[in-house]
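In the two complexes below, chain A is the common chain; its partner is chain B in one and chain C in the other.
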Partner chain A sequence: MIESLTPYGAILSARFRTLLQYRAAAIAGLTTQVFWGWIRVMIFEAFYLSSASEQPINLADVITYIWLGQALFRFIPWDVEKDIQQMIRDGNVAYEMLRPVDVYWLWFSRVAAMRLAPTMLRAVPMAAMAVLFFGMTLPPSWSAFGAWCLATCGAVVLACAITTCVTITLMWTVSGLGITRLLPGIVMALSGMSIPIPLLPDALQPILLALPFAGLIDMPFRLYLGNLPPNAVWWTLAIQGAWSLAFIALGRWLWSRGSRRLVVQGG
Partner chain B sequence: MPDALRLYFKYIALSMRGQMQYRASMVMTAFGLFFNIGIEFVAVWALFARFGEIRGWHLADVAMLYGMINMSFALSEAVGRGFDTFDRW
Partner chain C sequence: MPMIAVENLTKSFQIAERRAGLWGAFTGIVHRKYRTVEALKGISFTMEPGELVGYIGPNGAGKSTTIKILSGILVPSGGVCSVMGRTPWRERVEHVRNIGVVFGQRTQLWWDLPVTESFDLLRDIYRVPTADYNRSRDELIALLDLVPLLNTPVRQLSLGQRMRCDLAAALLHTPTLLFLDEPTIGLDAVSKLAVRDFIKRLNEERGVTVILTTHDMDDIEALCKRVLIIDEGAIYFDGTVGDLRAKVTNERRLTIDLKDESATLLTADAEEVARDGRRITLRFDPNRVTAAALIRQIIAEHDIEDLFVDNAPIEEIIARLYGGRRA
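Now for the complex of A and B:
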């Protein structure tokens, strides 16, 4: 069992080390992230200061929510794995299929590295800066922190499952169009990345929380804030797990269909 | 200068014809942009629905600004964006 997992672990760690090389990109990204975070904080501040009515989440929590989002921005499934996209486009996907491993999990490992490495580089400095200078707060209790950690693990698996699935759809829309064009808008809006989900219309809340995207950002962040009680983590993990399984099943099914009709030309 | 301009318009025509080769993908790209801008605007709407107004500014005022900014951005992209990909034509 352990032995059969080694190739995927190897790909994960090799890709991880490759991606960690891009430190200048990480610093440039960090600057952009701070800039956007600041603008978003100002927008919410303006809204909160101009209205006296009670909101389902207070301004201090929204500010922390925003900085947490800026820190973890890179693991949200809003784009596809660029190397796989290139392989599908130029036909090198044929080599990938020759490897004596399950291509789905091979790609899942590639996607996991691509989601995690940039996040690891940026998240800690971003969060440290935000806590020290930009008004981000720490979780109110250790149990909130623990719940957030667990939910973040669930969110990472879900993000990778969605990304892998969408990457496989490139087998049909080779030039990287189709669903990948619609993904950023959908994910940003429905995960809470653009606006915290509690601030979206009340009538939509049950739907938004049942969709796969709230498990990426909103539910883990609200566990961090204590806006959801720590024991809500089990519900969060259940939703994330169910959607992860659904996306993994869908991804594997798409791959088996796509690889059967694959034609690689040239040589 | 006139020569450069003529070349510039040639490039535009070329780019148009190039994109028209993949008509479905062009339509999808256009729809994708439309969709993403639209969904951003839904976020703006949701904030106004929750907070009412922001220091005298209502949704309609902000929608106007939002539209103008998006239009100018799209126009400037259409006119100037191609320069960094000219060498590929």
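Now for the complex of A and C:
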């Protein structure tokens, strides 16, 4: 089993090494995220101060929710895998098909590397800074923390399955300009990244929770806050798992269709 | 059993036609017109293990399409193709484990990583056991003189350096069959010679079977005993370089350096094709006049410093072959 995972693990570690070459980018990214986090915290503070009615989630929790989002920002499926996009555009995708591995999983691991490497580099310093200086709180209990950890693993798999699927559609559209414009809007709004889902209208709640996106941000974050009880993690994992399987199945189907119609440039 | 057996292989592509102009672009949204391009119109050939075959033809002839089908990247529209007993596109994973491919215009190395890390990645992707990998890698590094390049990120390599690294990358898993698609394209003379020399040794010493596509006729002359010529999706020549010459022309060239720059040289048996100062190039048909007789005749009438006899350049033969078919 470990043996059979070697190629995919190698892709992941290569990505880390590539990324570590660009320290300036990591620092710049961190600064941007701190800046945006501050702005968003200020917006929500103003909103809570001007509102007289009781909110379904308190301000302290929203602030933690925001900083958690800033720390884990990079694993949200809001863009496509750039290396694969480039390969599809210039025909280097031919070399991917020369590898003695399942190309879907090869791409899935490329996507996982692209999602995880920057997240792991930035999340820890970002969260540490937020806890120390910006009012982010720690989970109320070890069980809440454990539930959040499990749900985060589920969220990563789901995010990668969605990203891989979207990336494979580039085999038809090539430029992907349309989808890369649409995707951030949809994902940010429906995952709770822009506004925590509990603050959205009650009528929308069941729909949002049934869609794949709440499993990315909202459900894990609420487990962290204790807003959802720790045993809700099983429900969260079930939703994440079902959507992951659906996106993996769709991605594999798209890949098998796409690779058959592949026209690699050249005479 | 032949290593490669191809029978009546066809491939056609559907290409969306775009009509010119704004109105054309608009109607294109509603109704697309497709044009079918037949890249391969039923080609057949076989190759034995240990052969080094040159696969040549003008741009758009179907060379790369053939290579891509043989390497399992493209699915043909029809025909039979067996490589080492497997159908490439049906048993892709098993098939690609045993072949190496170099596309001269692309690289399979990781752009941002040092060369040696790209090699290690390929080891992991091909699951090459460490001992085998180390042996194969060290051998390739020595043969291609890669030591000074190993720790350089690929983006900083020159084209010639990159091609040497790409050749090594395609061979780390010790494939027995190697496809080279224009491996010398864009290279300077020294790099070309290095690449050629390496391909020759690989074929002779390790017995690797090689298919080579190229536009560089020197590659063909230096490396290939057998050539396949393809044009407009059909193979119309399969034989040795000698057969190819015989088929098109058996004409020879005689190049003479005269002592006197102003002298004219007239002979009924040969025709002047070029003159550059004191150097004259003549062409003659060895069936009409032997080289010895022609030289005797010229020496008797002129003062000569130097001379040599040569075959017609292969470039010209190929050009004549393409031209003759089109005419």
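Points worth noting:
The definition used in the following text is that the second predicted complex is superposed on the first by the 264 of 267 C-alpha atoms of A that agree within 3 Å, B and C clash if a C-alpha of one lies under 4 Å from a C-alpha of the other, contacts with A are read in each partner's own complex, and residues count from 1 in each chain.
In this section, a residue touches a chain if its C-beta (ideal position, glycine included) is under 8 Å from a C-beta of that chain, and two chains touch if they have at least 3 such contacts.
As the structure is a computational prediction, the values presented were derived from the model and not from experiment.
Chain B and chain C, once both complexes are superposed via chain A, fit side by side. Of the two partner chains placed around the shared chain by superposition, chain C is the only one that A:14 touches, whereas chain B remains out of contact. Contact with neither chain B nor chain C is seen for A:28 once the two complexes are overlaid on the shared chain. Legend: residue contacts after superposition of the two complexes on their common chain; A:238 is shown touching neither chain B nor chain C. By the touch criterion defined above, A:91 reaches chain C but does not reach chain B. When the two structures are aligned on the shared chain, A:200 is found in touch with chain B, with no touch to chain C.
Contacts of A:99 after superposition on the shared chain: chain C is touched, whereas chain B is not. Using the contact criterion defined above for the overlaid structures, shared-chain residue A:182 touches chain B, although it does not reach chain C. Of the two partner chains, chain B is the only one touched by A:46; chain C is not. Contacts of A:6 after superposition: chain C is touched, whereas chain B is not reached. Fitting both structures onto chain A leaves chain B and chain C with a minimum C-alpha separation of 7 Å.
Here chain B touches chain A in the complex through residues 22, 25, 28-29, 31-33, 35-36, 38-40, 42-43, 46-47, 49-55, going by the rule given at the top. Interface residues of chain C facing chain A in the complex, by the touch rule stated above, are 13, 39, 59-65, 68, 71-75, 92-94, 96-97, 99, 101, 103, 106-108, 110, 112-113, 117, 120-121, 124-127, 181.
Against chain B, the residues of chain A that register as touching in their complex are 43, 46-48, 50-51, 53, 55, 173, 175, 177-178, 181-182, 184-186, 188-189, 194-195, 199-201. Residue ranges of chain A in contact with chain C, taken from their complex: 3, 6-7, 9-11, 14, 17-18, 21, 90-92, 94-95, 97-102, 106, 260, 262-264, 266-267.
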